Amino acid sequence: MRTVNVGLIGAGRIGKLHAEHLAFRIPQANLVTVTDIYVEAAQKCAADFNIPNASHDHRVVMDDPNIDAVVICSSTNTHAQMIEEAAAAGKHIFCEKPIDFDLARIDKALQSVDDAGVKLMVGFNRRFDPNFKRVRDLVAEGAVGTPHILKITSRDPGPPPIEYVKVSGGIFLDMTIHDFDMARYLVGSEVEEVYVAGGVMVDPAIGAAGDIDTAVITLRFANDVIGVIDNSRKAVYGYDQRAEVFGSAGVVSADNNYPNTVTIGDAQRIHRDLPLNFFMERYTESYIAEMREFIACVLEDRVPPVTGVDARIPVVIGTAARQSYEQHRPVKLSEVA
Amino acid sequence: MRTVNVGLIGAGRIGKLHAEHLAFRIPQANLVTVTDIYVEAAQKCAADFNIPNASHDHRVVMDDPNIDAVVICSSTNTHAQMIEEAAAAGKHIFCEKPIDFDLARIDKALQSVDDAGVKLMVGFNRRFDPNFKRVRDLVAEGAVGTPHILKITSRDPGPPPIEYVKVSGGIFLDMTIHDFDMARYLVGSEVEEVYVAGGVMVDPAIGAAGDIDTAVITLRFANDVIGVIDNSRKAVYGYDQRAEVFGSAGVVSADNNYPNTVTIGDAQRIHRDLPLNFFMERYTESYIAEMREFIACVLEDRVPPVTGVDARIPVVIGTAARQSYEQHRPVKLSEVA
Amino acid sequence: MRTVNVGLIGAGRIGKLHAEHLAFRIPQANLVTVTDIYVEAAQKCAADFNIPNASHDHRVVMDDPNIDAVVICSSTNTHAQMIEEAAAAGKHIFCEKPIDFDLARIDKALQSVDDAGVKLMVGFNRRFDPNFKRVRDLVAEGAVGTPHILKITSRDPGPPPIEYVKVSGGIFLDMTIHDFDMARYLVGSEVEEVYVAGGVMVDPAIGAAGDIDTAVITLRFANDVIGVIDNSRKAVYGYDQRAEVFGSAGVVSADNNYPNTVTIGDAQRIHRDLPLNFFMERYTESYIAEMREFIACVLEDRVPPVTGVDARIPVVIGTAARQSYEQHRPVKLSEVA
Amino acid sequence: MRTVNVGLIGAGRIGKLHAEHLAFRIPQANLVTVTDIYVEAAQKCAADFNIPNASHDHRVVMDDPNIDAVVICSSTNTHAQMIEEAAAAGKHIFCEKPIDFDLARIDKALQSVDDAGVKLMVGFNRRFDPNFKRVRDLVAEGAVGTPHILKITSRDPGPPPIEYVKVSGGIFLDMTIHDFDMARYLVGSEVEEVYVAGGVMVDPAIGAAGDIDTAVITLRFANDVIGVIDNSRKAVYGYDQRAEVFGSAGVVSADNNYPNTVTIGDAQRIHRDLPLNFFMERYTESYIAEMREFIACVLEDRVPPVTGVDARIPVVIGTAARQSYEQHRPVKLSEVA
């Protein structure tokens, strides 16, 4: 195989992002089909990115013997089923996170992947961000010695629509799930216990929908590291994505990304522009690097760096976090998993 | 009164620091006597800072009708008694923190102050640090809107001698106590609950002495703010003292202080010198400003900005923190106080 | 016209860069032919970027009536001729800088463009860098009031091969030419006089080749602004590209770009990685934005933002700079142009 | 000698600053007398800083056999005479810069110092600033290898009163003189040639007084380093004092000093407070360190680190700079000295 023939399922915001990268930025990928239940979305995507085929029916992808790999960007509630269908069709799979909110459902999907012997990679794109990757590599190289404390700040520029909040699985499974993955990735050890202090501070409507919008989450890892994540649904100054690992030999910290390096001094203050506003801008490079890695794993027959287990564990942590918040006590992951 | 006649009790490290400031930096103060149970220490201090009288006996200060105010820098276990004696002698009091580890003992000392009608100020010097003060003022001015999240990083460059660890009252009453005070100061509300995740990561001898050396502490405030403090007894890169307050309208953050602003670029990296190493260097300005404020409060008959209650509450929080760590659950301050 | 059919002449390093952008990043461009005097280079480029036609003969581009625009990336000594041929063929032109080192030769080429009524844009890509563009926009908006002082630091990570130095036209026409363009761009006024202090500090072989490798260049602008450029052929810490404009109402400064935002604190220092190493990494975004703008100007029938005059003036400044260095005196551009 | 008995001549702004340091910050100094032609100023200074004697007549200092050293802070036009009188009286001398604007007058004063065999130190306080001192030490240690380029930015927050401008000796002898000294100090070599591009951009009244307010000054050093100083009389964002030395092995840069490290992010921008506003705030530490060094040199019989020659040379450079500006050409110092 010189190139990977790819079918894309789902042509929403994230689907279009992957389409662009597959079409124009990754020569080893050949994007042959896009499907979306809204056929106009599929057709528009096909036109924009020179994709030969568009359809409303994802089976067009599954049934095409020339397609080697599927990129699943449909709505979350279809992920597990799509994985199972793709596995049954013998196709390698890239799936946006999460696979599902129900652990048994995830396990069933992962089993189908194992049975089929195909590759599965899950879209925790932030692992491919140059900042976080540099922190991870430095920690792995021993730049901080034995890690003691992990800190992640993760604040969105604004809350999602309230309709989304109602079905998203809650802040821990929708937003913090990325931070749970990042925590495991940076520390290189598994979370064993979680404690949440949270509240509704941004918008009472979020509380009315049964969710919270602000949280400070304490993690205990198997290697004794203590982690803390602070989340907010609304940072008026923009998308705030930082991390720090402190250990016996030092500290490494990743700051935000800015659109430029310009500082301005006037008669009132020294200032600069706000950080890049949201994930499409902040994590552009990481999306490309992630998809490059998936295509390379297929071509070179390597295990993808973000596996089905990596998809499952953050859902476990998120579920435990929800329990901790509701029961006002530290919760062990072994109570949940 | 044009100047305040001051007696200093205790000529150890912090006593000498206050002596220098009272002698040379605060024209409104007149340091007339220094005492220390080691009379040579008192005499050396007197010689260094032009103090007319030195003695081994603190009663020389208490009994001198010309002395208006007492600065108590003796060992912690004598603070409460010294406060009571000074109050009985009708003298205004500056006392290093903490007054005591026992709440009843603190209350008795504070009662004596109330009965005597003298002023009492406690040495939480970090409130007078230009960085933290600027954060507090900005928060109070509404620069962050309604505060949501407080973060304090407080890491020492190295642990104290193990002999000190055994009698210090533990990390929460010896080290974190400053951060508990800072938390209240920055947020402007009272802590209601505390949860600790901690461990022994720096030195097993600290664990053997019954203490921990690393902690992540979650605070819940009466105004719903969630705070998190992370502590370590040993940051190899130096004294790490940062704070951040995040709220509905923005974020303010204080970084460390460095000995200079110089950056160096060589063939390997861009680098700068380590931050100022420990509290004597880092907080020099704050010690001067603190003592200036005490002298000014006496002269102008104002209530000091750090009162007896401000001394008591961090001991309550520290006691609750210890319980939280031992019992592995969130602890309400009302269980302790 | 919905898309612009483009022919690329020259498939060296910069040609391949433009090829990639035209092929994959700019949907409005349709790259149909690439030529290079080394036909293998053209064929490799065609294969890499899905370009239908490759040839050793640039006339294939000139003679193709379906080609709307030519991108000239051949060697500098052919630029003027290529411009003239393209103009004669009625094609819009993007040409890498410089057009030529001889002002009369430049003028002849520009005349041919004027006569043909085609568009010409010259590759001063740094104008499209997000940092420098932000500085320019802020200056133009009045953020610094009336500009007084301009400072540009421009240092390469290492000198070019000595064979290149011998034919490059010298540091002022090869390297500083970008800074001369940047100076005009940031200040928004014309240079009237130049004074150079320079020397051979990096490599004596550069001196033996008749050039210098280090220079501090003072510029006087028509609007009275004083500018200073400092150049070195070798900054061991990497590519150093900064600018500052100071004026009556403030200052704006652009710093270098770094591969990540990570800082590391260890027992010796606080450090970070070196800046992005050279122009291909540092200015990637600017190359894309530049070419997008050229294609858009063709499609929308707009005057390109970097014209033939913009190509000519930096050569005038560079020529005057050389005279200033040789004659050890300030030289007016009117003496040269 | 255990302490140095000091007489202070001149109780203006800078005289009071030195008085405070001598009185309160330097135990080895004993400030016994202050004089000022306005006796009220001397008396006020004496009262503020516990100085036993105050007088309108500087001869009280010169004639006091108990006084070991004189600190000269009178008006510039009296410096040379004061030095001569102090030398004749056998007293060690600290004198504010400049000694005089006339080189012959300086030489005569320096001769009197040599004849008397007393010590003379001149008040180039910035050498004792922690930032600039760190740059110098790094350069001297070889951190940048062989130095190639020096850059100094020196901008005042606002121009002095126009009456002062008329008698100050002009921008080069009043303001840039500090930068000329800094240039020699950082590079560790002598300036041989100077070229000035300057203008009146801040206030036409400065031009009407025969001076300029904005300048970019190119320096050639004996060791081939090229230096550039940029000056403005008015930076609206405050006192801008930076330096950079670039060389074969790297670069070192000193940034401004700020009153705190706090950053603020709001819905518009990320910002911080302006830098420390003017020399009294910015250089406080350097004034103390400078005077400590002078006292130590007297006590330890060492040659002061800023000698009479160090006082003379910046006047030579300033004079050459003025000629360069007036004659619009580079001027060698050998033409002036």
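Each chain gets a letter, A, B, C and D, in the order it is written, and its residues are counted from 1.
Methods note: contacts are C-beta pairs under 8 Å (C-beta built on N, C-alpha and C of every residue); 3 or more make two chains touch, one makes a residue touch a chain.
Everything numeric in this text was worked out from a predicted model, so none of it was measured.
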- line: The chains touching both chain B and chain C are A, D
Field: Chain at maximum distance from chain B, centres defined as averaged CA atoms
entry: C
- prompt: So what's the Cα centroid distance for chain A and chain B, whole Å?
  reply: 43
Message: Rounded to a whole Å, what is the gap between the Cα centroids of chain B and chain D?
response: 39
Field: Two or more partner chains touched - positions in chain B
entry: 235-237, 249-251, 265-267, 273
Residue ranges of chain A in contact with chain D within the complex: 235-238, 265-275
- request: Note which residues of chain D are touching chain C in the complex, please.
  value: 145-146, 148-149, 151, 153, 155, 195, 197-199, 201-202, 214-216, 218, 220, 224, 226-228, 230, 232, 234-237, 240, 246, 248-251, 328-330
Query: Which of the residues in chain C end up touching chain A in this complex?
result: 23-25, 27, 48, 130-131, 134-135, 138, 143, 249-257, 259-267, 273
